[in-house]
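After this come two complexes, each holding chain A, first together with chain B and then together with chain C.
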Partner chain A sequence: MENASKSPLANEPLLRIEGVSKIYDGHIKAVDQVTLNVASGEIFALLGGSGCGKSTLLRMLAGFETPSQGRIYLGGTDITELPAYQRPINMMFQSYALFPHLSVSDNIAFGLRRDGMAKEAIAERVEAMLKLVQLSQYAKRKPHQLSGGQQQRVALARSIAKQPKLLLLDEPLGALDKKLRVSTQIELVNIIEEVGVTCVLVTHDQEEAMTMATRMAVMSAGSFLQVGSPKAIYQQPNSRQVADFIGSVNIFDGPVKENHTNYVLVQCADALLRVPHSQPCQDGMGVGVAIRPEKMALSRKKPSAKVNHVAGVVVEMAYFGAHTSYHVKLASGKVLQVQVQSHADEDNADLCWGDQVYASWADNAMVLLTQ
Partner chain B sequence: MNSTALKWFGRSWMLLVYAFLFLPIFTLVAYSFNDSQLVTVWSHASLRWYKALMHDRDLIAAVMLSLKIAFLSALVSVFFGLFSAFALHRYRRFTGRGLLSSLASTPLVMPDVIVGLSLLLMLVSVQQALGYPERGLFTILLGHALLGTAYATVVVRSRLTEMDSKLEEAAMDLGCRPWQVFTLVTLPLLMPALLSAFLLTFTLSFDDVVLSSFLSGPGYSTMPMVIFSRARLGLNPSINALATVTIVVVSVVVFASTLYSLRQARQRKRDMALAQRE
Partner chain C sequence: MATLMQSLKRSTPAWLTGRRLVIGLPYAWFLILAFLPVLIVLKISLSEMQTTAVSGMVSWQGAWPSIKLDVSSYLFLASDELYLATYLSSISYAFYTTVLCLGLGYPFAYFMARAPKHWQALLLMLIMLPFWTSFLLRIYAWKTLLVNNGLINNALLAIGWIDSPIEMLNTPFSLMIGMVYSYLPFMILPLYANLSKLDGRYLEAAADLGCHPFKTFWLITVPLSKAGIVAGCMLVFIPAVGEYVIPELLGGPNTLMIGRVLWDEFFSNNDWPMAGAVTIVMLLLIMLPLAIYNKLQSEGRA
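Entry: the complex of A and B
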């Protein structure tokens, strides 16, 4: 999460997307009025569910699709109409798209040869790339003679060999199994940072986006719901959809009962909540209050405060080592998810199925969702 | 019926089918070594008809003509098949796409007799108007190439459909102009399909008798035409010898190519297993 501080503040962004839309067949709005700046050195993630338009946006950056509206600028020059083969942008494909008839080193050299680079220079660069992705001893192999993880690294080497100004990654780890994926995320970020290339990556895995990206955008139905650092989006989601999409969350619904300058009282079915909030709300307006499971505490004793706690019954619990996850059923029938650190106070150490408990949380654990 | 009876019934049925398929071929091969002038009477083994075959100028000329036509028409078919398949696959919208698509497959469903007849009529009127082309090698080649192009288009197109379109995008992404994408990526990946299209159109041309009969002129008889016309006058055992030679050549080619592709597949499987284990 401390990645957030790394994003540099350049004056002219490396990539500028201005009001870009893509409409297929006259009515399918795959991408809808997207505007975005990506600064040099950033790793920017596009996160969203299936069919939200991530790949379409990425393909417009690569030059495989032309926007129906809007412009795309790279380093200040308009590249909207530039064909893919003239853009200083390279892409790593989801299924890798390695050329099956070429060896690993020929795959990596492919783009360099198109540039008419000298033979020795190509050999040198290919060697450096192989070393970077630790595949030097596999140079002569064909892609089908490599494991999935090795193929992924060849694809990465091939896409950065030309030293592009912008690297596009479409679900870079999508084809790997879960265990390999987690270790590869870090490795990939290390390589990208070593090369120093700016990245736009597409993923539908929120953990992947959070670990890899310095900044990210949550997409839905072709447009951006929220853009920000992973930390900001996790802690301050601006809508119910974003809160739901990023991590697990408990959302209480209810009307605004009282509206004060720096907090509102929300009357939910199970409790009265006092939510710090500086934006104006109207009385009676229906809102949601989001609380992350790990920000809640469980106790057998009733908390002394009048607000910001609920009573319920433990209906499910699972021990994960570092933490224990509880499902608490409230009077309204709503089931809360609560995550308790294992070394937390002894009061809840022996909680069991069917126990009557109180869940409580700090004021700043709540986020008011007005949309 | 109990299970053993069923098993025996199945086996005998299979035997019957095989006998039906291969007995005529075996008979033909066997009788090619028969010394007798009569095709149906066995006297004793000899290579007499093979010697006769070697001195049969007409037959040898016919074989050479057939090979030449088959080779050239296969080349032409694969060339045009490649480009029509590529155009149909790549360009989803252009004027005449529907027309090209249906034209390309018409010869597949149209009876050869109709194709041959209509071609003949056209060629005759063209010849009357321009004094060219004389019917002969060129006109046969034209007919075979027409038919072959249709088949080659189908073969190449199916390979293009199953090819990962991302490969072409990757090539473009890495700096290939459209024609470089074609020569550096699409074409090498299509090689196996082109080879099988070549073999298919070669055999199609080699054993065609209908189109050739319509389109050939005096002095241009292909091997199947000669066999056909001789068979009508009474079978000549040297035809058996020729057939045997053809069968042997074809079997060797088929056997070798099957063996080759099998070994390739096995090697590939082994490589992949090895890569996963590392």
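Entry: the complex of A and C
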């Protein structure tokens, strides 16, 4: 069946997950029929709330859990039944799991020693790793003598020391405080790209997933809601759940009033919306229309168009420097979130609590959600 | 409320704060019930024996107290090889007991710690169960099991594996059985407490880095349970060195142990200073290595 002129592996993704499920106690589906390909060099994020099955999926890749159904292939080889200690996959654990009785360099050397590498080669590799994560002067310390950020870097060095085919990151920044997290994110991605290792990371933090990943999957109840690039998922969420989970969003509900070839009219409580077509739908069908807060504009003047604007009262505002965030209460009682760039509009520079305003947006700012 | 607390604070004397009381109680306990008796034993060991009691150490010559220290017991202890042999034999019995308890207790504690939660409580109770019967009764029970016409020999004779009873009672074998049997729980409990807290992620991390489970046990589990091993070994070794009842009931005449020598000095020879000296030397033999070990440990950590 393979094309004879091509190697059978030419089109094989590095990681292929085929219909994998994990069922506990006979009926609890932690992971439900997941299928996914990850190409070499990708940083793939599994994003979801707690209990969505993302960690279970990662643990099946590492070999700590065996799938109840389905197969996992790495570089074309079936590794579903392979025990963890034989997989060319390494994992950076949530809260690191650094061996407390071993020094930093012994922690990094641990995996190399198991491979029976020569002593000098191990020392050389450990040194290179320490240099990569800028911890050369801490080689002799024990993990408990390091700060959280340093421990995180040791954990990273340990997990890439063996040059795994696939690197798994379990909430890689979860144990760090917020300020450190942002700088570490970039550093982590830089190191991963420098080493050139393919990554699957698990996170509940959508910002973390979006900044680090080249592609991501939003998970809920054991299955994927949407798979795509961070940008595609942010701009074109395919469901209410995804739109809600990724960033903040305003969702208008209402029935489809008119279904045209390239747009639909949706009658919501506060406005008539003219949404460019993206999903098949029928007249009268209940749909949601999602609009990101930063795609809205505020004005005291009533916009001239008949559609795509609402009237309301400013009930809350917060200045963030680069932007100002407003909460606008509509006639129906719904509260809109609107973000306005600080330099954007002189017109609303003096907006205040209690002011009557109009929020408006462009046609392409809206996404039609049919599920 | 605040004023009440303040007035309470003012009315109690400065030294009687709750903090001092909490710290002070165990110290007082230790001083009165452990340190003071040792001092008394030390005093006895340096006195001379009269017919029914030891001589007073301090005598008054006019206004001047004169302190008389009699070190003859210590000199005799050093000169008679029997004492040295007994110490060595006690320590080696205690050592083998500790090693056997560790060998049997570690796997037991390990699987107990990894058993499902509802099983752990049951297993823990099984470990404690023997304590509900008197220690003395349990040792006597072993006597009836091991004796020539006891249960074990009779059973073996009945199956025809042996022609005449095996001499088990009153041998080093029966002594070791009794010692290991009695002290095993003291090894298992601290090991279990330690191993049940072992973070499973370390084992996963080792597996993830290519370590076979068997090797993980030696490279990760054992080093991380060092505190439990040390605690268990101390709890077994220290009382085992001075054990009296088990060698007396199961050990027979040829098993030399310092506990029996102590008994003989006190009750047969009526030589209290000698018994005191034997005790003090035994204490030093046990405490000194421990003190050195502790010192090395704390230096290693710093």
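The rule is simple: the second predicted complex is superposed on the first by the 359 of 371 C-alpha atoms of A that agree within 3 Å, B and C clash if a C-alpha of one lies under 4 Å from a C-alpha of the other, contacts with A are read in each partner's own complex, and residues count from 1 in each chain.
Note that in this section contacts are C-beta pairs under 8 Å (C-beta built on N, C-alpha and C of every residue); 3 or more make two chains touch, one makes a residue touch a chain.
Treat the numbers as computed from the prediction; the structure is a model and nothing was measured.
Once the complexes are laid over each other on chain A, chain B and chain C cannot both fit and instead clash. Looking at the shared chain after the overlay, A:Ala232 reaches neither chain B nor chain C. In the superposition on chain A, A:Ala311 makes contact with neither chain B nor chain C. Within the superposed three-chain model, A:Gln145 lies in touch with chain B and out of touch with chain C [touch as defined at top]. Looking at the shared chain after the overlay, A:Ile23 reaches neither chain B nor chain C.
Contacts of A:Leu272 after superposition: neither chain B nor chain C is touched.
Overlap of the chain B and chain C contact sets on chain A: residues 62-64, 83-85, 89-91, 93, 95, 97-101, 110-111, 114-115, 158, 162. The part of chain C that touches chain A in the complex is made up of residues 199, 201-202, 204-213, 215, 219-220, 223-224, 226.
Residue ranges of chain B in contact with chain A, taken from their complex: 164, 166-167, 169-177, 180, 184-185, 188-189, 268, 271-272, 274-276, 278. Interface of chain A with chain C (complex): residues 62-64, 83-86, 89-91, 93, 95, 97-101, 110-111, 114-115, 158-159, 162. Residue ranges on chain A touching chain B, taken from their complex, read 62-64, 83-85, 89-91, 93, 95, 97-101, 110-111, 114-115, 142, 144-147, 150, 158, 162.
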